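What follows is a structure written as structure tokens; I'll ask about it next.
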Amino acid sequence: MTMTTKPEPTTSVATPIQNSLTAGRLPTPAPWLILGAAIAVSAAIFGVMGLAGEAGYNWGGALLVGALLYIPSIWLFSMLVEGRRRAMDRLVTALVTGAFVLAMIPLISLTITVITFGLNRFDADFFTMSMRNVTGEGGGVLHAIVGTLLMTGTAAIISIPIGLMTSIYLVEYGRGQLARGITFLVDVMTGIPSIVAGLFAYALFSIFLGPGTRTGIAGAVALAVLMIPVVVRSSEEMLRLVPNELREASYALGVPKWLTIVKVVLPTSIAGITTGIMLSIARVIGETAPLLIAAGFTQSMNWNLFDGRMSSLPVFVYTQYANQGNPPEAYLDRAWAAALTLILIVMALNLIARLVARFFAPKFGR
Amino acid sequence: MSTASTAIKAKQRPGDRVFSGSAVFAGSMILVTLAAVALFLIVQSIPAFFASHEDASILPESFWSYVGPLLFGTIWAAALALIMAVPISIGIALFISHYAPRRLASVLGYIVDLLAAVPSVVFGLWGIGVLAPAVQPIYAWLVDNVGWFPLFSGPVSGTGRTILTAGIVLAVMVLPIMTAICREVFLQTPVLHEEAALALGATRWEMIRTAVLPFGRSGIVSAAVLGLGRALGETMAVAMVLSASGAVTFQLLTSVNPSTIAANIALSFPEAFGINVNVLIATGLILFIVTFVVNAIARWIVSRRQEFSGAN
Amino acid sequence: AANESGAAPSESASSLSGNLVGAGASSQDAAQQAWIAGFQTANPDVTIDYDPSGSGAGRETFLEGASDFAGSDRAFDDEEVAAGGFAKCAPDTDIIELPMYISPIAVIFNVEGVDTLNLDAATIAGIFAGNITKWNDAAIVALNPDATLPDLAITPVHRSDDSGTTENFTDYLGAAAPDVWTYEADGVWPFEGGEAAQGTSGVVDAVTNGTGTVGYADASRAGDLGTVAVQVGDEFVEFSPEAAAAIVDASPEVEGRSEGDIAIEIDRTSEEAGVYPIVLVSYIIGCQQYADSENVELVKSYFSYMASPEGQDVAAEAAGSAPISDTLREQVTAAIDSIQ
Amino acid sequence: MSKRIEVRDLNVYYGKFLAVEGVNLEIEPRSVTAFIGPSGCGKSTFLRTLNRMHEVIPGARVEGEVLIDGNNLYDPDVDPVLVRRQVGMVFQRPNPFPTMSIKENVLAGVKLNNKRISKSDADDLVEKSLLGANLWNEVKDRLDRPGSGLSGGQQQRLCIARAIAVAPEVILMDEPCSALDPISTLAIEDLIEELKLQYTIVIVTHNMQQASRVSDKTAFFNIAGTGKPGNLIEYADTTTIFSNPSVKATEDYVSGRFG
Amino acid sequence: MSKRIEVRDLNVYYGKFLAVEGVNLEIEPRSVTAFIGPSGCGKSTFLRTLNRMHEVIPGARVEGEVLIDGNNLYDPDVDPVLVRRQVGMVFQRPNPFPTMSIKENVLAGVKLNNKRISKSDADDLVEKSLLGANLWNEVKDRLDRPGSGLSGGQQQRLCIARAIAVAPEVILMDEPCSALDPISTLAIEDLIEELKLQYTIVIVTHNMQQASRVSDKTAFFNIAGTGKPGNLIEYADTTTIFSNPSVKATEDYVSGRFG
């Protein structure tokens, strides 16, 4: 305690500091200095203790331990200089930032992995060819791109209206028993495991189209079953955020309820709803297991949702990885490139949705 | 003005009726779908409940002794994932909503959203190829140095493909959706309440504790439930990453790990025939029920203090 | 897609057209893709889909009549055949089962500085059963006096999914080392212990990424990993296509099956020179007589292509399988000719 | 273009809770009527029963009759949407539609009802309504800017313009000035003065000066205690209410030193 | 327990937009100062600079000095958290924490500082603060009910209780009565009268009667036009401002017939 820079009496917390508004504060660059010191100490520990490993100095480990060391250090320093509450604040700041950085590590690692491996086959052939009559090297994913877009698109066409209308019902019309029942059922529906959805769609279409049939539409239905609850949940949240004032303003003008919903409520919440829909699409577009079961797998182009098997990008990635032939690198390269393609597609959809949302979004501000 | 007086008398407008009718229709579609799924699951499961090893070769004895360890593994893996993901996603959401500079925040939000788009197969590939080898030395160190702690006891897995790794992969997978919801909710915290806290002389953290977190509590629970639902049902990534056997063990770092229901279906379904198929579907039914129970508990938690909720 | 439309060679004499669906074992998927590619190139109006959904699923699908043929890592067993009910086939007719895809299973390992090891069945069984836990165990050293074996823990890796590979591998262990390996042959790994990984790729990845790991996988995927030469009689045999084909020839057929149902019971304990006993035989299963004669020509022609030396070579190239021997081909061809 | 309103034995409920009890009232056409009373006495609640906005709230219902020119609003076959077109409403907090420009906001009542209107008619209507709401000069150069970009007082007048654009016959205003500064308040009071030449106006206010300035008649509501229903205590000419009320409670309330 | 505030050459910005320009002002301890002026002239903005709440808004910043008992609030090493503990604030719309009970709301600020306040101390403090805010009698039986269940006026007084519970030396109030009915307004005006014996109080109001009733000194702010910065036009004793202002604009504003 002899080191404290500020001889403030720390005992009288309840009585305000009379003479000055300044409390002891760490100088602005202090956190950075402490971070640097923490990393240096950790680096030294790694050096001395020989934790570095034979393969060379373990920089990653040193940085990680340094960062971990920073968290208690900043708390300690702040505690000594600035007092308990500030210390807590700094600790939480460090933790929150730490959580963010920590989450960035897998993201960056994943991105780097997908891009470096994916770029090997990111060529013109890859986007203009299917896998028909291709063995070993070469080939492309056009058929899987088409399949993914067709099936996800159909799933979206099924589930967005149903999901949106259901959430409208829950927010605008639903009262009492039926609404509570539907909320409950939507909850139940969020619990359907994806593979069960696949089994269900497969069994359902076996009834209509004969046993054992695997078609794009079955895949789309499986995806829709997974997608609807996400759409309902997110749209419901967003519709509830629309202030009642606006609805009342519209009713007071003699606008019928349905027009109020269509022209006032939906446009006001469109940004949130689009975000929710994008999340739901992202949720299903990468599904593998249900599509493998319901839509099967083919090497050829298939534009017909109602006849024949249909490939999709995730299934393509999976089969390329799982059933590698000769040379295995060709299969792995295709798998990664297809994964990269899938991520890019979702990115593009996301961007489009954001633009749409921005276009319709309420225009606030002066 | 007798014209006006009759004018206010009109029958219900067709637009309204069509619109509310289609909303009800959409709602009942959910009912129908769900009934169909439930019916399918139950009908398909019934033979499994009474099957023994003779009927279905994958059953050790009865159905329940088969599903028990799987159920344990499912819950254990999801719990591990959630223990990691909930604090981190709250952290990220707070970072984006209350710590990062405005400009940066929306970009960061977008980046995290993108993680949601990564297909589970890719998480699987990444888990096998990148994550597991990277964490294996840490596991080895843990077993050597804190192996006395039951969760960390050895022998360490030689490949790092343990339940903890699967938990990490699951955590990374559920992060985006949980973060997105938490972030939206935190951003909705009324400025009034935030300023009320600040005006009382709260530090940023204290403001978050008094205004933001209580307001976002139900949102956090919703997010956790959605994340949990995803973690419980995730199939491919777990199947690919986890070194699964039927064991029931809490050890995190060994080669012998419990399997999960969804992963087990994926692993066993291709070779399944006869009653085995029913057995696997029945495990799906169990998973369905578990997820639902978790959901119901979460609803109950949220509704318990409704009176004090932020939505006023 | 660019490769689909204009691919038709104009002078193609082929009159075949139609759509054939097969489903089943993922083990033969790479071979099937090669066969399909070769066949479709020669017959541009034909589309064949092979769904690598798994042997069990493949057999179920065929049984339901949803596919024209199945690929399976095991033949239907006696009861299943007796039960009949194959929807695609004419009532009360038999099925044909053709061992068209033979693939050696390699025992692969990852120990620095060791490329190959000589092991006998008992030692392999000991390793996978968890009795032998160190690479410098006396049993291994005794068989490999020249190798420099480290004091390193052995991590055995097995398949976590239900698979024909596991069934064949455990069948070998049980037959060749019954004292050490007391479990029945099964597609599911019979006990808890060791590392598990999904699919051939998972096992290969786990062995590659780990240290001191050992596993079993389709030989074509062994890559740069160390492989085991298995003791047969007095010699140690490395896996090779020829050795794998040889064991099939040296093994008896399952008795009591109809003509054309060529189910083989691999003789894992054969001591004949140059056979490699750990093999997987994957069958093509079709009908002796199809209920609907529409696709029969196509089926016969496709099956014949698979069995032809050319077809077997394509598969060997693409999937690393072992071409079937000429004696076996004769039987297979006869069976195909009988299809109607 | 204005109507007489009669209220007979009106009870207003929120679910089981009786919020306003036994109101009898007659409002003359082309007049301004002010509702005053302490918080929670049911002024807003009662006001909203006059154009059936009350029933928008789940569980809310009404007993009794509200007659507009002799027609009971609460007859079973009356269409509330048509009622609201005849009885417009302005709320306490200005609530322009955030997704719409100033012009679209004014036209909202017309456009949202899917009425087709020619561009020149629309422009005329916008100008007329904004002029009527005393806002035209301030916004005529930026009709395409979002309505939420205006100041509070301007937003409130925009809402009034929006309300009069559908040509109602009665306008209800629930504390239209409480969020506004004196200058905007003045502008709106002037506006009420003008509007009353054409419309029947009912206004809720906490500001007694405002009530005495703008209204012809005043209704005083009171409440006996929390959980009790609100009652109409006294209804008379504004001058009477403020100078010579017949009920003690009214006198106590209006003679408070505040306002 | 009260402080003198001096403001020197204060410019207040929102990003690039200069909202308030060149304010010089001295506020005596234990007095009530009212800020009046038309909407958008920067009253709230200026008020919020007095406890550094301004900087909570992204991009907002300040030039110049605000001295409290001679210490500049905007010195680089001043801790805004400490400033806000000494300078409390009450907002226009009552904002009790909805997740907390009445009691927890009162203790919210205290708990931040002193986690381990004993139960009896806490009860004492709650009673003292609620008594100070004139709310004790109305809520003493339901301290554990949510604060959001109170009426608007009660909520506002709850917010005042919450503000005085942390024992600040200055209390800033931004239109504390504008959402309230006259009875609640009266209660709060009475309260201000009492609080001024202990605290320095600054209040923004649109209600000139209110300003003249409660304040000792009044500051009139004005704005030349939209987009222009607001200015302090005149600052003097309340009686002077309302009876004999020295600037024409002030006279125009206070002599409006409204209030």
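In order of appearance the chains are A, B, C, D and E, and numbering begins at 1 in each one.
The definition used in the following text is that contacts are C-beta pairs under 8 Å (C-beta built on N, C-alpha and C of every residue); 3 or more make two chains touch, one makes a residue touch a chain.
Chain-to-protein mapping (UniProt): A = Phosphate transport system permease protein PstA; B = Phosphate transport system permease protein; D, E = Phosphate ABC transporter ATP-binding protein (PhoT family).
This is a predicted model, so every value here is computed, not measured.
Participant: So, comparing C-alpha centroids, which chain is the farthest one from subunit D?
Facilitator: Of all the other chains, the one whose centre lies farthest from subunit D is C.
Participant: Using the touch rule stated at the top, which two chains are linked by the largest number of C-beta contacts?
Facilitator: Among the chain pairs, A-B has the highest number of C-beta contacts.
Participant: With chain centres defined as C-alpha means, what is the inter-centre distance between subunit B and subunit C in Å?
Facilitator: It comes to 38 Å between the two C-alpha centres.
Participant: Provide the C-alpha centroid distance between subunit A and subunit E, rounded to the nearest whole angstrom.
Facilitator: 44
Participant: Which integer distance in Å separates the CA centroid of subunit D from that of subunit E?
Facilitator: Comparing mean C-alpha positions, subunit E is 32 Å from subunit D.
Participant: With chain centres defined as C-alpha means, what is the inter-centre distance between subunit A and subunit B in Å?
Facilitator: Using C-alpha averages as centres, the distance is 12 Å.
Participant: If I count partner chains per residue in subunit C, which residues reach a count of at least 2?
Facilitator: Answer for subunit C, listing residues that touch two or more other chains: 26, 53, 60, 198.
Participant: Using the touch rule from the top of the page, what residues of subunit E touch 2 or more other chains?
Facilitator: 81-83, 85-86, 112-113
Participant: Going by the contact rule already set, what residues in subunit A reach two or more other chains?
Facilitator: Within subunit A, residues 85-86, 256, 259, 293, 321 contact more than one other chain.
Participant: Hey, which residues of subunit D end up touching subunit A in the complex?
Facilitator: Within the complex, subunit D touches subunit A at residues 51, 53, 56, 58, 81-86, 88-89, 91, 93, 95-99, 101, 108-109, 111-114, 146, 148-149, 159, 162-163, 166.
Participant: Inside the complex, what are the residues of subunit E that reach subunit D?
Facilitator: Touch residues, subunit E against subunit D: 37-40, 151-153, 178-186, 189, 206, 208-210, 213, 253, 256-259.
Participant: Using the touch definition from the top, list the residues of subunit B that touch subunit A in their complex.
Facilitator: Against subunit A, subunit B makes touches at 13, 15-16, 18-20, 22-27, 29-31, 33-34, 36-37, 40-41, 44, 87-92, 94-96, 99-100, 108, 110-123, 125-126, 129-131, 137, 168, 172, 175, 177, 179-180, 184, 188, 203-206, 208, 222, 225-226, 229-230, 232-236, 261-262, 265-266, 269, 281, 284-285, 287-288, 290-292, 294-296, 299, 311.
Participant: Mind pulling up the subunit E residues that touch subunit A in the complex?
Facilitator: Residue list for subunit E touching subunit A: 68, 71, 73, 75, 77-79, 81-83, 85-86, 112-114, 167, 169.
Participant: Inside the complex, what are the residues of subunit B that reach subunit C?
Facilitator: 57-58, 128-129, 132-133, 136, 155, 157-161, 239-240, 242-247, 255-256, 259, 266-273, 276-277
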